[in-house]
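Dumping the structure here so I can ask a few things about it.
Going in written order, the chains are labelled A, B, C and D, and every chain counts its residues from 1.
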Amino acid sequence: MSNGKNTLVKRFCRLACASAIALAASGVQAAETVTIGFTGPLSGGAALYGQNTLEGLQMAAREINNKGGFKVGDETYEINLVSLDDKYAPSQAAVNGKRLVQQYNAPVIFTPHSGGTFALQAFNQRDDFLVMSYTSVPTVTEKGNELTVRIPPTFTGYMKPFTKIAMAENGKKVAIANATHDYAKYWTKAFVPTWEAMGGTVVADNPMDYNKSADFYTGVSKVLAEKPDVLFIGGASEPTALVAKQARQLGFKGGFVIMDQAKMGEMSKIIGGYKMLEGSVGVVPLTMYEEQGAKDFVAKYHKQNDGKDPTTEVAYNYFAMHTVIQAMKEAGTVADSKAIRAAMGDALKNLAEEHNPYGVTEIDAKGGMMADPNIATVKKGGTVELQRISEVLGE
Amino acid sequence: MQQVLNGLTLGSIYGLVALGLTLVYGILHVPNFAHGALYMVGAYVSYVIMVDFGANYWLAMLGAAGAVALLAVLCERLVFNPLRHAPPIHDKIAAIGIMLFLEALVQMHWGAEFRRMPTPYTGIVEFAGLTMPAQRILIIVGAFSLMAVLHLFLKKTMTGSTIVAMAQNREGAFLVGIDANRVAMMTFAISGVLAAVGATLFAPINLVYPAMGHLLIMKAFVIIILGGMGSIPGAIVGGLIIGFAEAFGGFYISTDYKDIIAFALLVVILSIKPTGLFTKGVR
Amino acid sequence: MNALQKISDFFMTPAMKLIMIVAALLFPFVAGNEYQIYVMALAFVWAIAVYGMNIITGLCGQLNLAHGGFFAIGAYTLAILTVDHGWPFWWAFVAAGVSGALLGFLAGVVSLRLKEHYFAIFTLCVGFIIYLLIDKWEELTHGALGIINIPAPSGFGLVDFTETTPFYYLALVFMVLSIWLAARIANSLLGRSFRAIRISDELAASLGINLMRNKVLAFVLSTTYASVAGALYAGMVRFIGPAEADVVHTFDMITFLLVGGIGTLMGPLFGTLAITWLTQSLQFLEEYRMIVFGPLLVVLVIFFPRGVVGTFLTWRGRRLAAVQETAKKESASEKKPQPNKAVTPRNQEAGNHA
Amino acid sequence: MLKINNLTKRFGGLAAVNNVSIEFEANKINAIIGPNGAGKSTFFNLVAGAMAPTEGSIEYQGMDITGMACDRIARLGIARTFQTTSLFDESTVLDNLIVGHRLRTQSRLWDVIINSKRLRDEEKKCRSRAQEVLDFVGLSHIGHRITADISQEEKKRVAFALALATDPELVLLDEPAGGINPEETENLASLIRKMVEHGVTVCLIEHKMDMIMSLADKIMVLDHGEKIAEGTPEQIRNNPVVIEAYLGSDDDAAA
């Protein structure tokens, strides 16, 4: 986020390089390269998000190419990653998809948003390419599209442990004050029934537009008027931190359930530590993970980026690129998207630990990745406690 | 009561932004769609001065005011002045062009990410059971004192009264020999200052990002239509009306529909009275 | 100069129209790949909406900033009726056009009481209200989640419009129909009434033109165009979200219109195709696109307010007038009947599109 | 032909036109003069229907047209020109005139879509009417020119032609000779006479006194919204009240 000291010159250089690569690739389709496509927001309001996802893919591709490519059968391939901007617009994602398949022969296309995924799904089975979708919206894999892989686990896994912890720490009355974009809506839809099923009540429901709202005091004071024990918040990390801060300023003493889009680590930078988040449950950045794969990845990333912390987007997409390549090796083909999809399960088993920071182990029949991620609870005094979902539920 | 203060905070910022817009409209009859972009640039300039140069909050505000005033004058000189005699559709499109350009420029340089502007005033004031963060009090006080200064400027100084004269009667002022160019530049500069100060006041309780001006500018337009385009008291009163409507509407109806309140109000009022609430005489 | 004259003459002949249509028909065979056909089809869909904008803004002179909103209304009407209510595509398509017209009528009756700046600002707000409603009214529009699985246009078992090439021809047919109707309107007495309003409300009223009736008609025509385009778009992309109603689309359409030539007949098509392909070929510049387009808009309105096609037509009009003048002088000196009868009607046609 | 009774128009508290009554006869040239801000243009706007009067009535050929909409009044046969002539700069002169006859046609959107016979006939009618009025104002030789390229005087004539294309019986001319030279003014005056000869009644606002005095059959003088005199040029010239009004006001109206 704010430590992104992207100067104009740097950006232009990067741009020039990217376009040079793209041009070179469009010119000659060398026998030993395989093109991987990407369509995502590289400009507009979601540009940072899109660039983060792309960065993960680039990092993995660079790693593989620097080692001289990868072997499938007798042939050694290098990765040619072609990225196109869609400004978060589904129609533009569809145009880019057509372009990546038709012009660049990409067997695999990455996209970091559900809208783009839906647009690509309108023709991916006919045009024969695999959609690697970085979104935890379950619908993208539930419709039965056979060539779609959902990279992160669905957020629905968080419902029960979040609810359990929040109730134990604070109480049973929740007020909803999260964001209004599509992802937040999906979350609310899944969260409310879980909360109620576990014996809680929803005392207020007042989502707010985190990005456009001029002011959260009105909305926050409205939900606080119902005296909730728990406040369900979440959107991008920065505004979420502000919502939490304003709730505290307005006298809220309970805990927060923080939607997984916001990372507590990033929020803590804005509001000066975890003190304000006492009694809260949410997710933390990879840097706080104890697992070896995560540590290796973070160390590598730090080395390459002057100590900058990797985002979740970077880590998952880095993992996804390695998985795709591994699957190509397992399947023995770089072109047959069905075979690549079918080999995903084996690929996950054989993936090196350092390439799998989140420890994803399985992929379900519909194409959803499954993992057992860490969730974090902020205890009294601002200490953070990490637990695997299975641990929370197993108690 | 909490909502009254919320309404006041929102209303004073809306009023400040709408004031700049209404002044420009009064003088040049240009609905400056780029005004929201000027506001956004103001926030970024303050941010840079504070974060990258480590300067003081007030210094940053001053710097932003100066920079945006200059930018506004440039817009007037390079774009609106050449379009003085063009059909009315053209200056609007040109203003949209400026808006798109400024946003793209800022985004290219700083990226689209949300930034948080630091403020030295982070305390909370508790008064009669009300919780008021210091920055909010600063917004209300700052906005209203700026309005007062502007009022004095327009009423008591020579330049100010020429602006008022020209706003009231363009042809008349021209006949009396007012230098229209100078007044136009002056007006744009003032509108730039208002936008930049508004942004610097407001940004610490919000976030700084390239599209931050969008919604604000639309509400500012609603305000000056309600208040009568070109009317200075209309802009302030209109700003407060919308601010309160949103604070109370957001509280009693739904925050989700908060943003629609201003626009719904506009549609209803204009359907009943096409000339706006406070306009006098013929348009 | 003479060669230029000949070329420009050629542009105005019916043969040119035929050539353009044939070129459009052959495009899928010439195109290198399906991607290009897809982009072209999408550009045609946008062009239909831009033709609508041209009627209210170009002909009638009212800057309608809610145009993108009506595009979204068309798309959403189609999507809601097909996905949530199981209507057949073409019935929903007709309903989309009708809802665009009806809502356009309602919005028009209210907003057209306002003039110039008030109208532009008001429609900006109308567009924003449409966006907010789509975004917030979840029961009807699915809110921020958008609508997935929109069916492609039904080909009645004969054609499969999920394929790109058949859809291309479908979009082409609709676009040609749109241009045809736009041309009819522009060249008729109705179009002349609209243009009189564009010059000045006062003048038009003094010529006995009912301002409100004509403006509302132009507005309804434009919103119908927009919603038909939106419905086609929904059938093409087959997923829509609230972003379709974003004001950015309206600004895009203004850019298309201005580059091509506002108020001209071929301007909307030219502008849409030119900018669409320019953005596609400058894809790596996406992030910086507006840095080019923003100033481009400003430069256009200051120096070439009539766009490419408009500038061409004016130039040609001047040339023809000059030619006629010299011809007249010659015929006067040689006492011969003047040979330029054929020129006059052409010339008028050129002017008509203005 | 046109009978005005106690016409008053107030803006806020200010009366721009105050209790004016007058009658204009058919087939005559009627002039309205007065210093700047005397309410002449407001008076025209009231007659043409661009504004509704606060009080009083306007009778046209025995019909009460008070407060009637502009376009209906135009259809009843009252045409007008404006001080500044706005035309389609980008199209040809002839093309500009075709719309003038639109109000005498019936075609609607449906006719346009099916290109009905009615539409084609009416378009032919409008075009020939445009040609006729262009001939009438003596500009048929420049009908093919782009309007932006013609002279100021020619533009004035085109504006006359446009008004005449509506088939009016009464034409209101707002400063027809503004911004053109004396010789052109003379030509324009003869055109105005020609219009009257062809059965059109003229009513004009003008600052050029010589022109008015030689042209008008009847003159009304407005000052501060009130009628201070009416009569023949001879009567007006010698009217002490009028002289006082013009001398008393410090503008250049008497030029």
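Simple rule for what comes next: a contact is a pair of C-beta atoms (placed from the backbone, for glycine too) under 8 Å apart; a residue touches a chain by one contact, two chains touch by 3 or more.
Quick caveat: nothing in here was measured; it's all calculated off a predicted structure.
The minimal number of chain-to-chain contact steps leading from chain B to chain C is 1. Any chain bridging chain B and chain D, meaning touching each of them, is among C; the list is complete.
A summary of chain positions shows that the Cα centroid lying nearest the centre of all protein Cα atoms is that of chain C.
Two chain pairs are in question, A-C and C-D; the one with more C-beta pairs in contact is C-D. Taking the CA centroid of chain B as reference, the farthest chain centroid is that of D.
Separation between the centroids of chain A and chain C, computed from CA atoms only, is 39 Å.
If each chain is reduced to the centroid of its CA atoms, chain A and chain D end up 71 Å from each other.
If each chain is reduced to the centroid of its CA atoms, chain A and chain B end up 37 Å from each other.
The set of chain D residues that touch two or more partner chains is empty. Shared interface positions of chain C, defined as residues touching 2 or more other chains, are 136, 287-289. Residue positions of chain B touching 2 or more other chains: 107-108, 256, 259. If you check the complex, the residues on chain C that touch chain A are 32-36, 38-39, 42, 135-136, 138, 143-146, 148-149, 162, 164, 233, 236-241, 243, 280, 283-289. Across the complex, chain B meets chain C through its residues 25, 29, 31, 78-79, 82-83, 86-94, 96-105, 107-108, 218, 221-222, 225, 229, 256-257, 259-260, 263-264, 266-267, 270-271, 274, 283.
Within the complex, the chain D residues that touch chain C are 48-50, 69-72, 74-75, 79-80, 82, 86-88, 90-92, 94-95, 98-100, 102-103, 105, 107-109, 111-113, 115, 119, 122-123, 126, 141, 144-146, 149, 162-163, 166.
On the side of chain A, the complex with chain B involves touching residues 1-2, 4, 6, 8, 11, 43-48, 180, 206-209, 211-215, 217-219, 221-222, 236, 238-239, 242, 249-251, 270. Listing the residues of chain B that touch chain A in their complex gives 2-3, 6, 9-10, 13, 107-109, 111-116, 124, 131, 133, 136, 202, 205-207, 209-211, 214-216, 246-247, 250-251, 254-256, 258-259.
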